[in-house]
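The structures considered in this document are given below.
After this come two complexes, each holding chain A, first together with chain B and then together with chain C.
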Partner chain A sequence: MAHIPDGVVTVPVLVAGAVASAGFLGLGLRALTPERMPRVAVLSAVFFVASLIHLPAGPASVHLILNGIMGAVLGWAAFPAILVALLLQAVLFGFGGLVVLGVNAMNMGVPAVLAGLVFRALWRRDRPRRTALLGAACGGGAVALTTVMLSLSLVASGREFLTVAQLVVLTAVPVMVVEAAFTAAALGLVARVKPEMLEEG
Partner chain B sequence: MTPVPAHLLAPQGPARSLVARLDPRTRVLAAALFAVVAVAAQGIMAQLAALGVAAGLCLLARLPMRTVLRRLLALEVFMALVLVTLPFTVPGQTLFTLGGLTASAEGMERALSVAAIASAVMLAVQALLASMETVALGHALARLGVPARLATLMLFTLRYVEVLHQEYGRLRLAMRARAFRPRTGWHTWRAYGWLVGMLLVNSVERSERIHAAMRLRGFRGHYPILDLGRAGGLDWGFGAVHTASLALVLAVGMM
Partner chain C sequence: MKRLLLTAALVLAASPALAHKLKVFAAAEGATIVGTAYFAGGGKAQNSTGRLLAADGTVLTEFRTDAQGGFRLDVASRQDYRVAVDSGDGHVAETRVAASELPLSLPMGEGSSTPSAPAPVAAPTPATAGTDAIEMAVARQILPLRQQIDALEERTRFSDIMAGIGTIFGVFGIFAWIAARRPRTP
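Then we have the complex of A and B:
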């Protein structure tokens, strides 16, 4: 849902996305030390296949974005992880485009990093309720921010995309709810079973 | 979850097609150049010409027609929304009205051009990149100046997709054995959350064991990047023809 294909957004938006992505990538690569490489790659693989996991939501089904959980577990390194997964999705599944990769990485990666910063600042060990609430906020919040940025990239490309932007926001509401519940459960389990995963880096 | 497509793990397509004989770097550069030109092409004629070039690339790569068409028709929801709304949101000469909404000729043309660009880039990516072994893609990107850490991350990611898939199958089977059926509601969403949480914990622990073993054998954070040799005559020839056809596409747009 959040993948913009090539041919939709205009050149200024493409340039803005590329510049922002290059900056975040530079900072993210610094956090991607050799010791953390395997963990970042596991999360990148999870993000890559997440687009294939469909969860029932009423009459339709939604697929998750998972950028909130990426940020919570990886911090800054979430950005390169998302970029690599997006490139692989474009090449192997045909989701999104090539030139627009910077815009897509910005729309999904920046909310991930922000959610990660919030989660890491507020999370405490052995506080399950707090973990669940923070997880829900990160999961739902990252999807909400991605939706807003996606709509902005569309509207900035032309008034004629306003309707699409509105429809995108509308369809994102169920994703937000499902993703919040999902992230709360997933991070709750990680906090119980392997809390050190949420503390390092 | 749909199973991971088999072509992730093995290269697809006949090995002897012209595209398959090209240097991976040539293919990466050709795809990147194509995408930039397709997006930059002005006017519907130039965009259709780009689509033609992409179709030619598919023929050169000897991609199976049926898979290509299926990929093209499997429109994402997003793309469908764009194509359906554009005729009604771009102002211009009225073409027809539908329940109070007026579709403009300009809007139809805009929708057509978006579809043409998106399909052209997708076809070119299918022909040039998706048909290549993904490990070769990682090495080609590294050779072309992509940071070594990023290229290594990509190679690791490809490996873990396979690991994750096996792990996912195991956990999903355990859920099925306990009669879990996905429905709308907190129970299902939470169960999936735990499933992915468990998947994360198991896979990260496994990756740590693998990494410790790799370090023991002298791994220092990145793979030795393969020396891909020098581009041959075929690469220069293909590059020249490719560039010339893309220049033609741009020229059509300026007419």
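Then we have the complex of A and C:
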């Protein structure tokens, strides 16, 4: 759902995606310290594999994105992690095109970074319930934002808004629900057993 | 440790899963192009818009896939065709049908990929009519096989998944190596 193949979006959208991705990549690379590198690599691998888990949703099938939890745990470093994983998905599985890599990275990476900023600003170590709720909001919210950005990329390329919105949003709802639950559980656990993970960087 | 378990669980749950990617399969059955549009590993692409194009990209006809994602298109000339399908949510797929798949009795069209083929006779003689019938029967017989091979190509292989994970760790390992060599700023 979230991976746009080559030949769908127009040149202005491609350029916008590439420029935005380059900017976020530059900022993300600065957050890549040697100490945090193993964590970035592990979550990048999780993201790479998550797209292979399929949930049946009506006529089509959808897959997890997991960009909310990546942002919450990695912060800015989520962007390079997502970009590397997307590149490999395109090369190995034909998921999304190579030319539109910038657009796809923007659609999934920017919500990740934003979800991370929100989560890190609002979570509290001594308030597990609040942390879990915040995790749900970030997990679901990041998918929702990805969906909106995906729809906008398609509409900006001359697709009819209503058709795109219907198809894309309908298939995204189950993903949002699953990711909200998953992110809440995972971040709730991390906040309990290893809170320093969510504080540094 | 918990994280490791989480990763392991996700990796295991992903065992030979399939990609969510639109694919279109098309082959000639006599003077008809038959095919299906489907999501690799998922369902059929029902009610999607499709276009039959000539080799140079001119649109010859437009169609919609049925509830099984299938379509049938009659063609009038023997030339290379392209079939493009668009599911409307940002997935597109395209495939080709070569002129050599179509029966010899059809009039030669422009853009044929088989210029060396013998010039077709104007009216089907008994000989070519017989050949056409055999070709059509064979085409119908091997169609499911070709469809299966086409779907098999899209299978996500475990080796691909492991290659991807290995490459990711390698890339970040190189990052870490470069970052560690740089003098640390306090």
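Criterion: the second predicted complex is superposed on the first by the 187 of 201 C-alpha atoms of A that agree within 3 Å, B and C clash if a C-alpha of one lies under 4 Å from a C-alpha of the other, contacts with A are read in each partner's own complex, and residues count from 1 in each chain.
Going forward, contacts are C-beta pairs under 8 Å (C-beta built on N, C-alpha and C of every residue); 3 or more make two chains touch, one makes a residue touch a chain.
From a predicted model like this one, the values you see are computed outputs, not experimental measurements.
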item: Room on chain A for both chain B and chain C (clash or fit); value: clash
item: Which superposed partner A:L98 touches (first chain B, second chain C, both, neither); value: first
item: Contacts of A:L32 with chain B and chain C, given as first, second, both or neither; value: both
item: First, second, both or neither for A:P195, with chain B first and chain C second; value: neither
item: Winner by number of chain A residues touched, once chain B and chain C are compared; value: B
item: Contacts of A:Q89 with chain B and chain C, given as first, second, both or neither; value: second
item: Touching partner for A:V62 - first (chain B), second (chain C), both, neither; value: second
item: Chain A positions touched by chain B in one structure and by chain C in the second; value: 1, 3-5, 7-8, 32-34, 37-38, 40-42, 44-46, 48-49, 52-54, 56, 84-85, 88, 92-95, 159, 163-164, 167-168, 171, 186, 189-190, 193
item: Chain C to chain A touching residues, read off their complex; value: 2-3, 6-7, 10-11, 13-14, 17-22, 39, 41-46, 87-93, 154, 156, 160-161, 163-165, 167-169, 171-173, 175-176, 179-180
item: Residue ranges of chain A in contact with chain C within the complex; value: 1, 3-5, 7-8, 32-34, 37-38, 40-42, 44-46, 48-54, 56, 59-63, 84-85, 88-89, 92-95, 150, 153-154, 159, 163-164, 167-168, 171, 186, 189-190, 193
item: Contact set on chain A toward chain B in their complex; value: 1-8, 11, 14, 25, 29, 32-35, 37-46, 48-49, 52-58, 69, 73, 80-81, 83-85, 87-88, 90-95, 97-99, 159-164, 167-168, 171, 178, 181-190, 193-194, 197
item: Chain B to chain A touching residues, read off their complex; value: 1-2, 4-5, 7-8, 31-32, 35-36, 38-40, 47, 71, 74, 76-79, 81-82, 85-86, 88-90, 107, 110, 113-118, 121-122, 125-126, 129-130, 134, 137, 147, 149-150, 152-154, 156-161, 163-165, 168, 182-184, 186, 188-194, 196-201, 203-205, 207-208, 210-211, 220-222
